[in-house]
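Shared chain: subunit A. Partners: subunit B in the first complex, subunit C in the second.
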Partner chain A sequence: MTATLQRPQPGRFAPRRPVLSRSAPNRPLLGSLGIIGLLALWEIAPRLGAVPERYFPPVSEVLTTLAQRATTAPFWEAIGHTLYGWALGLAIALAAAILIGFALGATPRLRAFTTSTVDFLRPIPSVALIPLAVLMYGTDIRSTLLLVVYACFWLIYIQVLYGVADVDPVAEQTARSYGLGRLARIRYVVWPTTLPYLMTGLRLAAAVGLILSITAQLIIGSPGIGAQITNAQQGGAVALVYAWIVATGILGVVINIGVRALERRVLRWHTSVRGEVAV
Partner chain B sequence: MTATKTTLGVLAAGAALTLTATACGSGDTAASEDGLTPVSVGVLPITAVAPLYLGVEQGFFSERGLDVTIETGGGGATTVPRVVSGELDFAFGNLASLIIAREQGLPLTVVANGMTTTGDADTDYSALVVPADSDVTDPADLDGATVAIDNLNNIGDTSVRNSVRVAGGDPTDLDFIELAFPDMPGALDNGQVDAAWVVEPFLTVALQQGATQIAGNFVDLHPELSIATYFTSDELIAQDPDTVDAFTEAMNESLAYAEDNPEETTQILTAYTEIDPDLFDQLRWPRFPARIDTEAVQTLAELMAADGIIDADPDLETLIR
Partner chain C sequence: MSQPTTVEPGATGRGDHEGPGRGPEGRAPGRAARFTASRRRPGAPGIGLRLLHVLALPTLIVGVYWAITAQPGASFYTPTPAAIASAFADLWFSERFFVDVLPSLGRLLTGFAIAAVIGVGLGVLLGLDARVRATIEPVLEFLRAIPPPVLVPLMIMLAGIDDSMKIMVIVFGCVWPILLNTVEGVRAVDPVLSDTARCYGISGVTRLRVLVLRSASPQIMAGLRLALALAIILMVISEMFASSSGLGFAIVQFQRTFAIPEMWAGMVLLGVIGFLLSSLFELVEGRVLGWYRGLRAANRGE
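So, the complex of A and B:
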C-alpha cells in the first residue's frame, strides 16, 4: 500500500479544505454572524424604504408567515414532494452513473467511443427538457425525475470517469501480481480511488438536484415547493412567496450538511478527511 | 469478450433503470372503482376558475359520472400541448390562444364557457391602468408608451390596441413588453412601464397602490366577450362524446351556480388560491354565463386578423362545439 501514499493526492476535484477552516475553531460562530448580518439587512432595508415593503417584506414578516405555515399539513406535504423527487432522482442518477461509469471507465476503447456523445449531451441544460417532460408525463413526479436525473447523472458520471482513470498503474499491477481477480481489483483498488471523486460528484449533484426538483415544480406545476411558490405568486401573497424561498434555502443547507457528514464518514480513511497526514 | 459483455449488460441495466421511471403511459380512461370516469382539467390557480372548483364541490360532475382531477400547472403554453397529446382531458385557456391554436391546425375545440366580461369597465375584472403619478388619463394618450401585457401576440395586445383605437388614438407605436401579472403592480410602482393590462387579484392590488384605471380593455372589445373557455381535443370528442357532453353540462351548471351564489364563489378561493382574505371584498369578478357570444368571438378574431396575429377570415365554425 506504499504506492498509495506516493501517488499525487487523489481527488484533485475532491473538496480540499482550506487550512483556515481547519484551524479556525470559530467557524460556526462566523457562519451564524454572517446569517445574522444578512437577516438584519433584510429587516432594515424594506423598513427604511430602500426597497418597497409591499414587494419585499421585512424578514420578520416572512419568518412569521413561514412559522405559521410550518404548523400546517400542506406545508410538510409540499416539502415531502420536493424531497421525494430530489432523493429518488439523485438515487437513480447515482446508480446509473456508478454502473455506467465503472463499466465505461474500465474499457478505454468504449470510453473513447462515447466521449464525444457525452460531451454533446452533457451541456444540454436540464430545463431545456421541460417541454419534453410536460408532453410525456404532464405534471407528474416523473417530469421532475426526468430533469433531476438528467442533470445529476452527468455530474456524478464525469467524476466517476475521472476517478476510474486515476487508478495508479503500479497499484493495479501489484494487485494483479498478487493474484487479485477482476472483482477484487475493483473492490480494493479502483473503488477506493474513485470514491473521493464520486463523493464530490454526489455533493454537487445533491445541490443541483434540489434546484431542479424545485424548478420543475415552478415551471411545470408538479406538486411541491415550486408549485406552492407559483400559487402564492398568483395570489399576490408576497410574504408567502419569500417564506417558501427561505424554506428552500434552509432545505439546501440541511441537505449540504447531510452530504458533507456522509462524505466525512465514507472517506474517513482518506487524507483529505484525516487531515493529519501531510502529502 | 467478457469485458464487453459485462459492459453491455451494465449499460442495459442502467438504461433499464432510467426507463422504468419513464415507462407506464398516461391517458388511461378506464372507469375508476366507483364507476366514475376520471377526467383531468388543467387550470391556473386564478379567481376565474372558481366555478369549476365550486361545481366539483357541489357534485355537479360526479352526478354525471365524472371524477374530476384539477391540475393547477403552468399556463396556456403547457396546457395546450398537454391537451393535444391527450395527457390532459380538458383545460382552461383564453379564447385568443385557442383561435391561434386552431389557426395553426391544432385539433382543439371549445366545449364550455369559462368567463365573460361584465360589459362595464368600472366593474370588470380586467383593466388597463397607469401609475399614480402618470399624466395619461385616456388610452388615446398612450402613443409611444411602454405597456406591460402577460403574453405577446395574444388577447392582451389585441385588446389594448383596440382600446387605444376606440379612444381615438394611434396604437401603431405602442411598445408592448411581457411581464407576469404578479410582477405588474411592482413594475407600475417603480416606473418601469407607462401602463399595464392587469387582471385580478393584481388589479385590486394596483388600484390600492394608487394606480388609475384608464380603460376596460375587454369591455371595449365587446360587452359580451368570452375571455377564457374550457376546451378539449378533437380526439376525445371523437372517441368519447358522452364524457365531453357530461363535462359541458356539468360545467354549464357550475357556471350558473357561481352566478347565483357570489358569496360561495368568493369563499371557494380559500380552497385553491393564496389570495389575501382582506382582498376578497374588493376583488372584481367576471360574469359566468354558459353561453358564448359568437358575434363577440368574431369581433375578437377580426381584430387579431387586423393585427396580423392570425390570417384573415379564420374559420370559427368548428371552434365551438
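So, the complex of A and C:
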C-alpha cells in the first residue's frame, strides 16, 4: 500500500486520484456508512412493502426482540451452552492435534504410515457423524463435542504437521551442535516455527467449531442457541428467529476478533506481526 | 496509522486460507515437494514399502474394528464391516442412488457453482475499488460471522423445504470464503505487474483475465476449497433438518428406525463423497495452478 504511494507514476506528473484514494480511504467513516445503509434498507424495505413484512420484519422490531430477550436468563443460558460445547471441543481438538502432530511430525517413519488414513478421514464431513452421535450419546453434550472435535482436529492437525515440517534445517543443526537435547529443541526450535501455523489452524477451527456446535443443537436438539432457533421457528416467531441470527452473528464477530487478538499477542515476536506494528 | 488497519483485514481474508504469508500457500506445494523428493532421492522407498505405508494402518484399523464387533457381545450400534458393506451394496447400487444421492449432489454442485460465481464476481469488484470495499467490509464481516446452519430454519420459513431452500443455504454459507479470498487475492496483485500491464495498454476484460484473475487464482482456489467442504456440510444439514428426500434425510431416517447397518452405509457414502469431491478438486486445482506451483518451485531453486 505504501509502496503504491511512493512509486512515481510513469508518464504522469501528478499522482492520479484513484491511487491516492486507494491508499487512504476514510475506513471508519465509510464502514459506518455501510452499516447505516444496510440498517436503513432493512428498516425501510419491509415498511414500504418491497418485501413481505411477515417474513422480513423491519430491523427495529428484530433488535427490540433481541434486546428484550437479552434481559432474560434462558437467552444467556443458551449462549452459555453453545459456547461451552464450542470451547471444550476446541480445547480437546487443540490438545490432541498438538500432541499427535508433534509426535508424528518428529518421526517421519511413523508419519508415512498414517498419511493415507489421514487423507481419507480428513475430507469426511463431520456431520456424517450426527446419527452415530445421536445413537451413542443422545442430546448429551458429548454429541456436540464429538462433532466439534472431529471437525476442528483435522484443521489444526494439518497445520501442525506443516509447521513441524517447516523447521529451518540450519536452526535445527545449530541447536544440535550447541548440545540442545530433544525436549529443548522442541521448545526452542520446533515450537516457535510451528506456532504461526498452529494459530492459523486455531483461527479456522474456531469458526468451524462454532458452526458445528450450533449445528449439533439444531439437528440433535441438545440445549443451546440451535435448539432455541428451532423452537422459535416452529412457533412461527419470525422476529425472534432473526434476533437469534443477529445474536449468532455478533457472537461470531466477537470470536473472530478474540482469536485474532490472541494470535497477534502470541505471535507478537513474529515478523508478520512485528512488521505491521513497525510501519 | 492507517497501515495496521489496512493490513489487518488482509490477515483476516487469508485467515480463511492458510496463513498470512507465513505458511506455504496452501498445502499442495508441500505435498508436491514431498513427492518429487521421494521420487528423486536415491534411497527412495521401493514400491513395496510405499504400498505398506498406504495400506498398513487402514488394514489394522478395520481389522481391529472387525475383531471387536464380530464378538457375540458387541454393541448393537456397531455392525461388522461385512454387514455395512452388504447394506452399502444393497442400498446405493439400487434406484435409491437416483432418488436420494443424485439430487443431493445436484443441489450441492448448483449451490457451490452459484456461490463461486457470486463470490468471484463480487470479490473482483470489491478488490478493485477501495472505497466500495471500505464501505461494505464491516457488513460483510458480520454476515460472514453468522454460522450458516442457523439460516436453515429461516430459509424453511421463507422458501419452504424444497430445493431452492437448500440451495440458498449452501450459497449463503459458501459465498464468504470465496468472496473474501478473492478480495484479498485481487488486492494483492503485484503493483509492478499492474503498472506493466497499464504501460502496455492492457485494460478491460483482457486485464481482468490475464492479470487480475490470474494472479488472484491461488487465493481464489483456496477459498473454493474451503467452500466445497462447507457445501457438503450444509447440504447434509439442510436435508437432515427438514426434507423428504436426499442423502441426509435418508441417513436420519435409518437412524430413527434403527436400521443400523444402513445408517452406517449412509455415513460411509457421505465419507466417500467427501473424499472423492476433495480429490477431484485437488486435480482441478493442480491443473489451474500448475503455473503457480512451477513458479514457486523455481523460486525455491528446486
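Note that in this section the second predicted complex is superposed on the first by the 241 of 279 C-alpha atoms of A that agree within 3 Å, B and C clash if a C-alpha of one lies under 4 Å from a C-alpha of the other, contacts with A are read in each partner's own complex, and residues count from 1 in each chain.
Throughout what follows, a contact is a pair of C-beta atoms (placed from the backbone, for glycine too) under 8 Å apart; a residue touches a chain by one contact, two chains touch by 3 or more.
All values derive from a computational prediction rather than experimental measurement.
Chemist: Going by the contact rule set out at the top, does A:Y197 touch subunit B (first), subunit C (second), both, or neither?
Modeler: Once the two structures are laid over each other on A, A:Y197 reaches subunit C alone.
Chemist: Determine, under the contact definition given at the top, whether A:A128 touches first (subunit B), second (subunit C), both, or neither.
Modeler: Touch partner of A:A128: subunit C, not subunit B.
Chemist: Check the residue A:A227 against both partner chains and state whether it touches subunit B (first), subunit C (second), both, or neither.
Modeler: Touch partner of A:A227: subunit B, not subunit C.
Chemist: Going by the contact rule set out at the top, does A:I219 touch subunit B (first), subunit C (second), both, or neither?
Modeler: A:I219 sits against subunit B and subunit C alike.
Chemist: A:G49 in the overlay: touching subunit B, subunit C, both, or neither? Say first, second, both or neither.
Modeler: A:G49 sits against neither subunit B nor subunit C.
Chemist: Mind working out whether A:P169 is in touch with subunit B, subunit C, both or neither, as first, second, both or neither?
Modeler: In the superposed model, A:P169 contacts neither subunit B nor subunit C.
Chemist: Using the superposition described at the top, determine whether subunit B or subunit C touches more residues of subunit A.
Modeler: C
Chemist: Touch check for A:M136: first (subunit B), second (subunit C), both, or neither?
Modeler: both
Chemist: Subunit A residues touched by both subunit B and subunit C?
Modeler: Residues common to the subunit A contacts of subunit C and of subunit B are 55, 131, 134-136, 219, 230, 232-233, 236, listed in rising order.
Chemist: Which stretch or stretches of subunit A touch subunit B in the complex?
Modeler: Touching subunit B: residues 52, 54-55, 88, 92, 95-96, 99-100, 102-104, 106-107, 110, 131, 134-140, 142, 145-146, 149, 219-222, 227, 230-237, 240 of subunit A.
Chemist: Under the definition above, what is the set of subunit B residues touching subunit A in their complex?
Modeler: 3-4, 6-7, 10-11, 13-14, 17-18, 21-22, 26, 44-46, 71-74, 78, 81-82, 85, 87-88, 180-182, 185-186, 189-190, 201-202, 205, 209, 272-276, 279
Chemist: Of all residues in subunit A, which touch subunit C in the complex?
Modeler: 1-4, 7, 10-11, 21-27, 30-35, 37-38, 55, 112-117, 120, 122-132, 134-136, 158-159, 162-163, 165-166, 196-197, 200, 203-204, 207, 210-211, 214-215, 218-219, 225-226, 229-230, 232-233, 236, 238, 241-242, 244-245, 248-253, 255-256, 260, 270, 272, 276-277, 279
Chemist: Applying the document's contact rule, which stretches of subunit C touch subunit A when the two form their complex?
Modeler: Touch list, subunit C to subunit A: 2-8, 11-12, 15-16, 18-24, 27, 30, 45, 52-58, 61, 77, 130-131, 134-139, 141-154, 156-158, 191, 195, 199, 229, 232-233, 236-237, 240-241, 248, 251-252, 254-255, 260, 263, 266-267, 270-271, 274-275, 277-279.
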